[in-house]
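Both complexes below contain subunit A, partnered by subunit B and then by subunit C.
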Partner chain A sequence: MTQKHDKHLILDNCIKCSICVANCPVVKVTDKYAGPKQNGPDLERFRLDEPRAVHPSIEYCSNCKTCDVVCPSGVNVSAMNCKAKGEYVALHGAPIRDQVLGRVELICKAAQIAPALVNWAANVKPFRAIGEATFGVAADMPFPRFASRTFLQQYKPKKINNPKGKVLYYPGCYVNYYTPQVGLALAEVFAHNGIEMVVDSFNCCGLPTVSNGLTEVAKGYARNNVAKLNSYIEKGYKIITTCPSCNLTLRQEYHELFDMDTVRINNETYDAFEYLLMLHEAGKLDTRLKALPQRFGYHQPCHLRSVGFGIPSLEILRLIPQLEVHNLEAGCCGLSGSYGFKKEKYPISQEIGQNVVQAIQEAGVTQNITECGMCQLQINHLSGLPIHHPIQLLAEAYGLPSYLPK
Partner chain B sequence: MATEKVQVVVVGGGATGTGILRDLAMRGISALLVEQGDLAHGTSSRFHGLLHSGGRYAVKDQEAAKECLEENMILRRIASDCVEPTGGLFAALPEDDPAYAEKWVKACAESGIKTEELNIKELLKKYPVLSPRITKAYSTPDAAVDGFRLLWSNVNSARRYGAKMVTYHKLSAVYRANGAITGVELTNTLNGEITSVECQMVINAAGAWAGEVAAMAGLEIHMIKDKGTLLAFNHRLTNQVVNRLRPPGDADIFVPHGTITLLGTTSIAVEDPNSTKPSEIEVENMLNIGRETMPNIDNYRIIRAFAGVRPLYQANKGAGGRAVTRNFALIDHEQKDGLKGLVSIVGGKFTTYRLMAEKTVDLAAKKLGNNTPCRTAEEPLTQPVTSEMLERGKKVFGVPGYKKAAERLGDAYGKVVEKAEQDPSMRRMFCECELVSASEIDYVAKDGDSKTLSDIRRKTRMGMGTCQGIFCSYRTLGALGNNPQFTVGHREFITEFLQNRWRGIRPVLWGQQLRETQLSTGIFCSLFGMERMNDE
Partner chain C sequence: MMNKKTDVLVIGAGLSGMMAAARAAQSGKKVTLLTKGMGTLSLTSGCIDLWGYEVDNPKQPCGSPFAQIQKVVEQNPSHPYAKVYDVLKESLTFFQGICDKDGLTYRDNGGENWLLPTAVGTLRPTYLAPTSMAVKDLNKVKQIVVAGFDELKDFYPEVLVTNLKKSKLLRPDCELTVAHLKSGWKKLYATSLAHRLEQPEGQREVIRQLKPLIKPGAIVLFPPALGERRDIDVAGLISKGLGCPVYEVTNLPPALPGQRLQDLFLKYLKNQGVTVILSSTVTGAQVAGNRCSHVTAEGAGKTFTISAQTYILATGSFVGGGFDSKPGQIEETIFGLPINTGDGKWASGEFLSLKGHPFNRFGIDVNDRLQPVDGQSKVILENVLVTGANLAGSEFSIEKCGNGVALASGFKAGKLAGEVSR
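Up next is the complex of A and B:
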C-alpha cells in the first residue's frame, strides 16, 4: 500500500474525541494555539482540496508529539501538523530567527571557530537584550554552552577483540557540540561490555529544522543520513543514539514526513539503553556494578515517549545497588528545542515546565537525569538543579570515567 | 386569521420553486413561496450535488444533454459561489461495452459537450483510489453544486425584488370559484396558525408532493416517486466528478463536494414522497458497484447515507425506474382540466431548474398579462464578496475557513466578519469539522428562518462533517442562550438534531463511524443522561 493511501486512511480514523487537545501541553497554557486536532486531522480534510488550508496558529505547535502518543485511533496528528507548518512556512516564509534556530547544525559548526567566545557572548545580558529586541530570541532563556572540543574530535575508537556487537554511534548535534561527555561515557560503557563502537560525521537529524517549518532543508539532511546509515547497516552495524529526538527522527519521521523507506533503519536503530537492555536480556551485560547511594529525579523526554519502547534506562539503572531513581512523570518540560527560545513562546514554555518543577519539589530530589539534551537545559534552567544523562550514572557505577562533575 | 394578497402563490421550496419565485419577482409579479418544511428539505438537498455536463444523457437524449450543458454554463456564471467547477471524468472498465464509449464520444461532440481522452497512467497517479482496470477515460465539464446554498441564494435574490417566502407552512386548502383559483389556506406546522392568501394563480412546484397539491385543487397528477440513496464519504476521494462510462445505472457517480465525496444513487419506486430512509441493502448494493471503480472503497470511511425521492413524471403511464424520462413537463391546468390559475411544473433535474422556472414563469406571466422578459440567466444570484472583505475574513477566520464561509454566506458575509472583528470570541470555530464560526452560527440563528438546529445546519454545514454534530450541537445550543428562539426545549432541539444525524448513520454503522457513534452515545446518553430524561 502506498503512503498516499495510508495518509487518507489515517485521516478517516480520527473520531474527534479531542483527547489530543485535552493532553496538548501548549493548549493547556495558552489559547493562541488552535490545538492538534484542528490543525491536524480537521484541516487535513480541507487540505485535500486546498493545500494552503493551514491555520496561522500552527507556529505554536511545539512538536512534542504528545498528540500521537495519546491518540486512541492511531492518527499521526503531529506529522500532519509538521507538514502543515512546512506548507505555511513555504507560503509565508519564516522569520530569520526561525531560519537560524532551525539550522542547529550550521550554528554549531559556526560556533566551532571560537566556542569559548561564543559561550561568553551568549550570556552577556546586553547582547541578549539586543537579540530579543531585534530577532525575538528570548533573553532569559540560557543557551547551552559549547564544549571546547566536540565529541567527534575527542573520541578515539578502542580496538576490541572478538566484540559482542558492533555499533555505529549517531551522537546528534547536542552531544557532539554541547555535551560530549555523554558520548564519551557511552563509549566507556560499550567498550567495557565488549561492544565495538564506530563514529562518522552525519548531518543534523533535521528535527529542529522540521519544527521550524524548513521542510526542504530537513529533507536534504534526511537523504544524506539515510544513505549513510544504510551503508553501515549493510556492513552489519546497529545504529545507536543517546538523543531520543534523533532516534525518533531517524526511525519514524523520515518515513512519516518524507515518505522515505526507513523500515530497515527503524529495525536496526536503538536507543543506547534499549541496546543495553537487549544485551542484558541475552545475559551479555556486565552487571557487576558498584553501589551509588544517591537519589535522582528522572524526566522522560516527550520524544522518547513517542518512539514507544518504554523507558529502558530506568530498567538498566535499577541494576545499580542503592541508587534511587524517582520517575517524575510530569509530562512535557516545555522547551521543545528552539520553541522556548522564541520570545513569544518563552512564557508558554516556562509555564508548561511548571509541572516538572512541581514534581521535583514534591519528590524532594536535588539532582535529575534525562536522556534529552534540551530537556536537561530546560530543567536546569527551571529548577537550578544539576542534571545528567543516565548513561553517565551507569559509567560511574561501572567505575569507569563518567565525566560527571566532581 | 391573517390574510395576505399576492398575484402568485408558489408551492414548494425546492430548486424549481425558489427559481420560480426569483423569476416572478424579477419580472415584477408579486409572489409568495410556501414550503412545508425548511427550504430544500425535499429532493433539492437529497441528491448527489452533481451539476451535469450533459454527458450522462448524451447517448439517450441529446436535447436533454444540450439543456444540461447550457444550464451548467449559466449556473457557473450566475451562481459561482454555489458551483465548484471540479470538472468530471467518465471512466470505462473492461466489462463496459466499448461500443457505448464510441457512441458516447460521438453524442457528446454532437451535443457540444467538450470531452478529452485522458492518459490512464497519469490519471491513476493523480487518483490512486481509481481502479487500475480502467480502460478508457474522458474529461467532461461536470461540476459540483450546493443545493442548500443555491436555493437560499435564489430566495435572498427574490426577496430583494420584493418576493415573500415562508417555511414550515403547509398548504391546507385551495380556494376556487367559477373555475378559477382565488386563493389558498396555509397552516403553520410549528404552531398550527392559519393564514389565508388571496391570489390569482398557484404554481405547483411541489416536486414529489405535486400529486398531493393537485389533489387539493381536485385534480390528479400522476407522479412517479423514485427513491435514490447516496453515501457520504469522510473526505475527498478525488478532486473531479467520476462517472462510469456506460448507460446510466445505480452507484455510478462519485461527486467531490467541499470536504466530502458523495456516491450515488439507487432507483427504487416508492409510494410516499416522505420515504427518505436509506436501507442497508441499498448501501451494500451501491458499495458492490462502486467497488468496481474504486477497489479500495471499503477502506474509506462513510459518514452517512441519505435518500431523496425523485419526482418523475410520465404523461403516459407504464414506464418505471431508469426508463422514465428525466425531462420536465409544464402542465397548464386551464387547458388540461379547465381550472384557471393553476400551473404545475413536474419532473426535471436540479441542473435545469432555472430553465424550468423560466418556462413556467413565461406561461404564468402571459396569463397575468405581464410581458417582461426573463433575466435570470444574466443577473448573478449574489454580488460576489469583495476581495477587501475576503481579506478581512481571512484575518478573523484563517485561511482554511474564510472562503468557505464567504461561499455559504454570500451577501451576509460582511456582517458576519464585522461581528467577529468586534468580538474575538465570535471567531471560534463551533463546528470544527466543517469550520463554522460562532459568528456565522449566531447570524444564521437570528435570520428569522431558522427554527431548529437542523435549519442552522443546512445553511452553514454545521454538524455535517466527520463527527456528525457530536460537539457542535450542544456547543451551539449553549451559545444561543440569549436567542429567545432557542432558550427553552434544549432536549427537543438536541434530539431533533441528533435523530436526523443518526438516521443517516444507522445504515453505515461499522468501522470508524461505529466508534464515532459510540462516542456520541456515550456523551449524550451517559454524560448528559438524555436517555434517562425520557423516562421522567
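Up next is the complex of A and C:
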C-alpha cells in the first residue's frame, strides 16, 4: 500500500518545475498568496529544522489539492501546506471566526435546538452585515439551510434477508444536517440492491478544522473516528461515504497529517458510487433502470479528483437510458468549505468559480449534479440553478424515492 | 481488490499519451488514460518541434524539417523517427484537426520551420506554433515593441531586445522598443497575469500604456501569458485595440501556451468518451509469458488493478517520472523494461555541448510496431507499446524533436492499439 511516504524523500522529489503554481486556482486570481511551490516544498525544507518557517500568506491556500493532482513528481504539496497552517495558527492563534467556522460539528449541533430559527436568522441581511463587520464572515455568501430533521433522526434501517453486502454509512456533517435526502436516497438504492446499511454517530471528519489550522481539535476527531470505524471493519462492514471530502480525509488525511495508521480504513472505505461500480463489475448491480430523458451538468469536486479513482458516478449514471450528463470540466468551484465564507476570501472564491459559471453557460444546462455539498452550495449560489447529488438520479431511475423536488 | 477493464490503457498524460488515447478512441476502442500528474507540456513552449537544425551542420537552423528527418531515418535506424516515419504527416494533420476544432489553431509555415523569438531574444526553429506565437514575416517588421511587466519575474525585456538586435534576420532599420508595463499587483505569475488579461480592464490597461509607443508597421511581443481560457482571444483583442499584431514569445516555463494545449486535449478526450483517471500512479504489472495481463494502480490511497488488451507506456522517461535512477542502475518503473544507455556515460564534459547529453538518449528500444525489444531485437511484451520521451535514441534538447516524436509515436501507438481485434 501507499502509506510509506518518507517525508524527506517526497520533498526531494520536487524538481521545481512550477507546474503546481501554473495550476493553483488561488494564485491565478490574487496576488495575496505566495503559491504552492514556495509555501510547500520550498519552505518545507526549512521547516524540517525550523517549524516556524511559515509564510503568513499560507492562510490563502484553500486546500483544494489541485497542486497534488498535477505535480508530476508525487509531491504532497497540500499536506505540507496544511501542516504549515497548523504551525502558523499554533504560533499566532486563529481569529474567533475561524475557530467557529472550523468547528462545523459544533455549529450544527447547536443549531439543532431550532433549525428553522437558525435558517431564518442566517439569511437576514442586517444580521449578515453585522457578521461581516464584526467577525469577517462574508455577508453575500448564503449559509446552507438546516434540514428540519437530521439524516440520523430520519433513517430507519431496513431488514434485508441474505444481504449481498453490509456497509456502515458515514454521512458526514453536510448530509446529516443539511441534505439528509442524499443519505435517504442512498439507503433506498442500497436496500434495492440487497445491501444492508447501518449508521452510527461519529465526529466530524475534521477537514474544516484542519483547513482552519485547528490541528489539535482535528486530531481528537480523527482518533475517535478511527477507533469506531475500525470496530465496524472488524465486524466485516465496508465504510461508505457520499461526501468526497470526508472520504479523502478518512482515507488519506489522517495518515498524512497525523501519521495515523489508516491502511485498513483506506482499503475498506468506498465512495458510494465506487462501491456500486464494484457491485456492477461483479454483476451484482440491478441494471433495470428506467429512462430519464434529461440533461445535467456534472461538476467534479476537487477532493474526488484527488482520490485518484476517476469519476465512478459518471460510469454508473451512464447505465441510465436517455440521461445526458455533461462533464463541466471547470476545475475548482472556489468555495473550498469555509474558505469562501471569509470576508477577505469571498471575492477570490467567487472569481475562481467563474470558470464553472462559464462552463455551465457553454454547455447550456439548466440543472447540475455534484457529490460535494459545499460545491452544491457554491454552484447554486453562482448560477442560481438547481443542483443535486448523483445518487438521487440513480434512485429516481430505479423508481425509488429520490427526494428530488418535483 | 477492484479490477477495471478497458480495451486500451494509456499510462501518462503527456502529449504522447494524449495523442495515443485520442487516436485509439477514434477506432472505437474503450480507452482509459491514467496518470500520476500532468506531463511536460506546460514546461514546453507549446510549439511542436519536429527537427531544428541541419543534420550536416548543427549550427544552421534548417528550412524544411522533413528533409532532415528523412536523412536521420536513413542514417540512424535506431532513432525514434525511424519507427514512426510512416505516420508522421498523418499524425500532424490529426493533431491540427483536434486543435482547430477547439479554436486553438496550430499553424505551419508552408512546410518550412518557423523562426520564433524566444524570451531571451534568440530565434528558435519550430514546426507548428499556435496563432498567438506564429510571428509572420519578422524580416519585414519596422518596429518591435517588447512588453514586460515589472511585477513578473523571469521575463526581462531588455535582455530580449539586446539579443534580438543581434539577429541578422531583422531589417537593419528595425526599431526595438522596451515597454515596462504596470499591472497594479504586488507580484505576478504567468497564470495570474493571464487571468488579468482575460478581463476587459486588464486589456484596457495594457492598451492604454502601450498605445503611445506604437509606430506604423510595429508588432508587440509579450511574455507567453496572453490568457489561459481558449474562449477569450486575448492576443486578438489587444491587437485590435493597438491596431498592430501582438504575439507571445516562446520558452518561458511555466508558459500558458503549453497549458492551453494540455487543457484542450484532456477536455477533448473526455468528450470522446475516454475515461480519465488523474492522481493515480501505476506501480507494477502482472506479466504472463510475453503479455501483460494487468497493472496495479495506486490512487491517493486506494489500490486497484486494470486489465486491458493493449497498454501504452507514455510515462516520459526521467522528467515525466517513467524512469528511475538508482546508483549504478536505471530502471523503467512499471514493467522493468531494459533501458538502452549506449556506452553508459551520463553526460558529456561540456554542459552546453552541441552533441547534447547521452542521458537524454537513454530509453527503451522498440521495433517498428513500438513493442519493446531486447538486445537481440526479440519482443519482450507484445501488448505493451512505448511512446514519446521513453523511446531510446533521440536527444530532444539538441535535435529539437521532443513534441514531434511524442506526437507521432503517440499517434502510431493509438492507431496500432485500435487495430487489435477484441
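Please note the rule applied: the second predicted complex is superposed on the first by the 401 of 406 C-alpha atoms of A that agree within 3 Å, B and C clash if a C-alpha of one lies under 4 Å from a C-alpha of the other, contacts with A are read in each partner's own complex, and residues count from 1 in each chain.
As a working rule, contacts are C-beta pairs under 8 Å (C-beta built on N, C-alpha and C of every residue); 3 or more make two chains touch, one makes a residue touch a chain.
Fair warning: this is a prediction, and the values are worked out from it, not measured in the lab.
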Inset, instruction - State whether A:Lys159 touches subunit B only (first), subunit C only (second), both chains, or neither. - result: neither
Inset, instruction - Applying the touch criterion given at the start, work out whether A:Lys125 contacts subunit B, subunit C, both or neither, answering first, second, both or neither. - result: neither
Inset, instruction - Check the residue A:Cys17 against both partner chains and state whether it touches subunit B (first), subunit C (second), both, or neither. - result: both
Inset, instruction - Would you check which partner chain A:Lys406 touches, where first means subunit B only, second means subunit C only, and both and neither mean what they say? - result: neither
Inset, instruction - Give the label of whichever partner, subunit B or subunit C, reaches more residues of subunit A. - result: C
Inset, instruction - Determine, under the contact definition given at the top, whether A:Val70 touches first (subunit B), second (subunit C), both, or neither. - result: second
Inset, instruction - Answer with first, second, both or neither: which of subunit B and subunit C does A:Arg251 touch in the superposed model? - result: second
Inset, instruction - Could you tell me which stretches of subunit A are touched by subunit B in one complex and by subunit C in the other? - result: 2, 15, 17-18, 73
Legend entry - Residues on subunit A engaged by subunit B in the complex (per definition of touch): 2, 4-5, 8-9, 11-18, 34, 37-38, 42-43, 45-46, 48-50, 52-57, 73
Inset, instruction - Over in the complex, which subunit C residues touch subunit A? Could you list them? - result: 2-5, 36-40, 42-43, 151, 185-192, 194-195, 228-229, 231, 253-254, 259, 266-267, 270, 275-281, 297-304, 316, 319-321
Inset, instruction - Spell out the part of subunit A that touches subunit C in their complex, as residue ranges. - result: 1-3, 15, 17-19, 21-24, 27-31, 35, 68-74, 248, 251-252, 255, 262, 266-267, 274, 277-278, 281, 305-310, 315, 327, 329, 358, 362
Inset, instruction - Name, in rising order, each residue of subunit B that touches subunit A in their complex. - result: 128-129, 234-237, 239, 256, 258-259, 296, 299-301, 398-400, 403-404, 429, 432-433, 435, 465-467, 470-471, 512, 515-516, 519
